[in-house]
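Given below, in the form of structure tokens, are the structures.
Note that chain A is present in both complexes that follow, paired respectively with chain B and with chain C.
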Partner chain A sequence: MAKNIKLMQGNEAIAEGAIIAGCNFFAGYPITPSSEIAELLSSKLPKTGGVFLQMEDEISALGAVLGAALGGAKAITASSGPGISLKQEHIGYASMSEIPCVIVNVMRGGPSTGLPTLPAQSDIMQAKWGTHGDHAIIAIVPSSVNESLYETIRAFNLSIKYRTPVLILTDEIIGHMREKVVVPDKSDVDIIDVKLPDVPPEEYNPYNYTSGAVTPLAPMGEGYRYHVTGLIHGETGFPSQKTETIKNAQNWLIDKIYKNIEDIEKFDEFQTEDADILVVAYGSTSRSTRQAVMMARTAGIKAGMFRPITIWPFPEKQISNLSKRIKKILVPEMNMGQIILEIQRNACESQVYGLNVVTGEPITPDQIYAKIKEIAES
Partner chain B sequence: MNDRIEFRFSGSGGQGLILAGIILADAAAIYEDKNAVQTQSYGPEARGGSSKSEVIVSDSPIEYPKATKVDYMVALTQESFNKYIDDVKETGIVIADKELVTDFSKARGKLYVIDMVKSAREELGKVLGLNIIALGVLVEISGIVSHESIKNALIKRVPSGFEDYNKKAIEIGFKLGKEIKNNN
Partner chain C sequence: MIKTKFDYDKYLRKNTLPHIWCPGCGDGIILKALLRAIDKCEYPKDDVVVASGIGCASRLPGYVDFNTIHTTHGRALTFATGIKMFKPRLKVIAISGDGDALAIGGNHFIHAARRNIDITMIIFNNYTYGMTGGQYSPTQPLGTYSTTTSFGSIEQPFDACNLAQAAGATWVGRSTSYHAVQLEKFIVSALKHTGFSVLEVITNCHISFGRRNKMKSPVEMVKYQKEKAIPIRSAENMSDEELAGRFKTGIFLENTDKPEFSSEYRKMAETLKTK
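== the complex of A and B ==
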């Protein structure tokens, strides 16, 4: 079959990926540079039998998404920094009550309303720590338009498999740039569907903290009655303050993600085999990095790149292993230094350098190459 | 073909420069199976302010998506001409409108000053479509894609009912581009 190749924007690829994944619900409130996701889903969803809702604000938008997901929908919302700040309350609720959903953050400069039309990568730590309380989160950072489409499908799959909110972190560059995308047919990609529990309603508990397996979330309206709350709850869903239940519930929220890290993690390595200098870069910055690594190789400097695609949970083991043989690590980021903290924590045996550009402009290959050269000569 | 060719459309918000960039990228990527990336940069205002739309075309995969060494630049305001010309290569070509850009003290590369607004007014009856005329000039001068490819991409991207108007606009651009090429 001829490939379906289109020129599209990163935001459009996310909308396209959502539809392929079987998304049938969007609620949101438009904000630059994410608005095209809402705009496109507002025309696509009604045509595929789905629902598009523009809510009065970002908090209610995620509330509507969680309600829809409890009803069995594959639901998504999209925003940018200021809106993601507002959504934090419900991100915590989704983590606690284990409701699958996909939340897109097309990052722009901040804090506050910051730089509406200009890119940044300054919400990386917010993705992990934005909502209060101990919890684990999955966050994905695509670096191309094509990857935006496929990673959106993966985000839906992970959200259902692990009953967790999954964040997709792109930025103004990836969100607004247009490039070629190979649009797959639904039958060419793996899609995890919402399933009914394999026990009858009278035997169903919506939570299980000790078996190690994730209990399917029974869609409401199918005869399965259960309680949903943001309070710490037992396996029936009703609030509990028993020490054993608290301990089990808190551990479970972390364990279900971290004990399955090999299934969730995804990364890309470029010329790391013989590298003397490792550049760890993600999202749009990894594109400049790849080019800078090629420039360095041409100049006889053995540079390589490690690129996390799943950024949370962080690929600690890979960084730790790489640091055993590569003693100099550079971390370019469009922020004042966020992921570098994870690198420093995991690459104890290496010297770690930052390159932080916060001008509203992307980091150029020349800037990264200059830094690689400086490090090589040091 | 040179490995990486960089195009920049610059002007003010509302002139349709982003659309011009999308059409060029579409023609190269979809109709000629090259690699192409289109990006844009604009301020928070819906109209006015300086705006640019860039297209990188290459036979190899394109990593950094923005232009840094511009081969071809179109300028449709004085402000954008001054603001965005510094990245133009020594061997680059700058296409400016004769009425909209008058101060060339910052000029770099080879400068083509063309009566695009005047041609639009005289041949289309209004200035709407200036972006498409500029696109036609650029395609003619650069030879980056064929007339057929750019026309196919154009028809796909313009609102229905305006196909003929836009086809006329791009032909004006081809003609102006050919004239300036023959005179240089």
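== the complex of A and C ==
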């Protein structure tokens, strides 16, 4: 069968990926540079039996997404920096209550209103630590328009499989760039659907902290009546302040992600086999990095790139292993130094260098190559 | 007519009791009226969603055997809107206190009213933030005391029913936890209405509000409700002076002409399908 090739914008690819994944609910609030996702889904969803809602603010947008998800929807919202700050309240609620949802952050410069139309990668740590309290999160950083589509499908799958909010962190560059996309047929991609629990309602508990298996979230209105709360709760869903329950619930929120890291992690390596210098780059910065690695190779410097696609949970093991044989690591980021902290923590045997560009412009291959050269000569 | 005792057990999650409400609190009276009203409407338990925010009143969903969501502070209507739009066949009820509904949740309140989405919202108005120890709320009457208005409140209070009507709600009423029979009737009427229905219920918090305003017992607070409540029709013939310090009870608005949001959305989606 001929491939379905289209020229698409990054934000459009996310909307397209969501529809392929079976998304049937969107609620959002207008914000640059993510608004195209809302605009496209506002015309697609009503035609496919889904619901599009423009809510009164960012907080209510995620609230509506979670309400719909409790009804069994595959639900998504999209925003950017300041909007994601407002959404943190309900990101925490989704974590605590284990409600699947996908949250897109088309990153722009900050803090506050910052740079609405210019790119940044400055919400990486916010994605992990933005909401209060201990919890784990899944965050994905696509680096192309094509990858945005496929990673959106994977985000929906992970959110349902692990009953967790999944963040997609693109940036203004990926979101607004147009590129070739190979649009898959639904039958060509793995899709995890919302399903009813395999136990009858009288035996159903909405939570399970000890078996290691994630309990499916029963869609409300199908005979499984249960309680959902943002308070610490036991396996029945009702609030509890018993020390044993608190401990189990807190551990579970972390363990269900970290004990399944091999299923959740995804990364890409480019010329790392014989590399003397490793560049760890993600999202749009990885595109310049690839070019810079090739420039370095031409100049006789053995550089390579490690590119996390799942950024949270962080690929600690991979970085630690690479650090055993590559002694110099460069981390270019469009922020003042965020993921470099994770690299320093895990690459104990390497010298770690940062390249931080926060000018509202992409980091160029030349800038990265110049830094690689400087490190090689040091 | 033989009057049989109403079987509350049918709807209560007895293993979650005792509830957290203080002895003498009015919230239990509203809970019971709500259960009797739902029973009268004959909604199957599986088809009822009860969403709440944060606060004393918002603990109600935990005690009742429906699909229940205890959400974040002020946000019950956002979850309620999401699930109603996704599964319009469900009967969605939002439970909120005065601070929850009108302060932190004020924006969601006016926008749910504007959309005229088919949700019944019951506001438990006890004039205070009871759970956090009795700070002043946006409905607290002028001149009354709280832990954050030690010199008497100088802020103008909201009238939840006026606000709901101005924002576009299509069923608006007020009752009290003293008028339990009327309350049940009003809840039935609100539930049966298609559109955004808002029922404000004046309830008593003698612990956090009454104690600081010369009504330290539940009896004094219930007497206050009984004496200060003026049915709409009686209020018509009263002067502003006579109405000062009192509140009107009754059904202020029942408008069935305005289109309801979730059904309008389905209608639009249907026309797109046939194209």
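In this section, the second predicted complex is superposed on the first by the 378 of 378 C-alpha atoms of A that agree within 3 Å, B and C clash if a C-alpha of one lies under 4 Å from a C-alpha of the other, contacts with A are read in each partner's own complex, and residues count from 1 in each chain.
Everything below uses one rule, namely that a residue touches a chain if its C-beta (ideal position, glycine included) is under 8 Å from a C-beta of that chain, and two chains touch if they have at least 3 such contacts.
Source: prediction; values computed, not measured.
Once the two structures are superposed, chain B and chain C can be ranked by residues of chain A touched, with C on top. In the superposition on chain A, A:Lys161 makes contact with neither chain B nor chain C. Legend: residue contacts after superposition of the two complexes on their common chain; A:Arg307 is shown touching neither chain B nor chain C. Judged by the touch definition given at the top, the superposed model places A:Gly71 against chain C, while chain B stays out of reach.
Looking at the shared chain after the overlay, A:Lys371 reaches neither chain B nor chain C. Looking at the shared chain after the overlay, A:Gly49 reaches chain C, while chain B stays out of its contact range. Of the two partner chains placed by superposition, only chain C is touched by A:Gly63; chain B is not.
With both structures placed on the common chain, the touch criterion links A:Gly230 to chain C but leaves chain B unconnected. Once the two complexes are overlaid on the shared chain, A:His135 sits clear of chain B and of chain C alike.
Looking at chain A, you'll find no residue that touches chain B in one structure and chain C in the other.
The touching residues of chain A, counted against chain B in their complex, run 5-7, 32, 116-118, 173, 176-180, 284, 287-288, 290-291, 362, 364-366. Residues 22, 25-26, 29-30, 35-44, 62-66, 68 of chain B touch chain A in their complex. Residue ranges on chain A touching chain C, taken from their complex, read 24-25, 27, 46-47, 49, 51, 53, 55-57, 59-73, 75, 89-90, 93, 220-223, 225-231, 238-239.
Chain contact summary for the complex, chain C toward chain A: residues 13, 16, 45-47, 49, 51, 61-62, 65-72, 75, 77-87, 89-90, 107-108, 111, 265, 268-269, 272-273.
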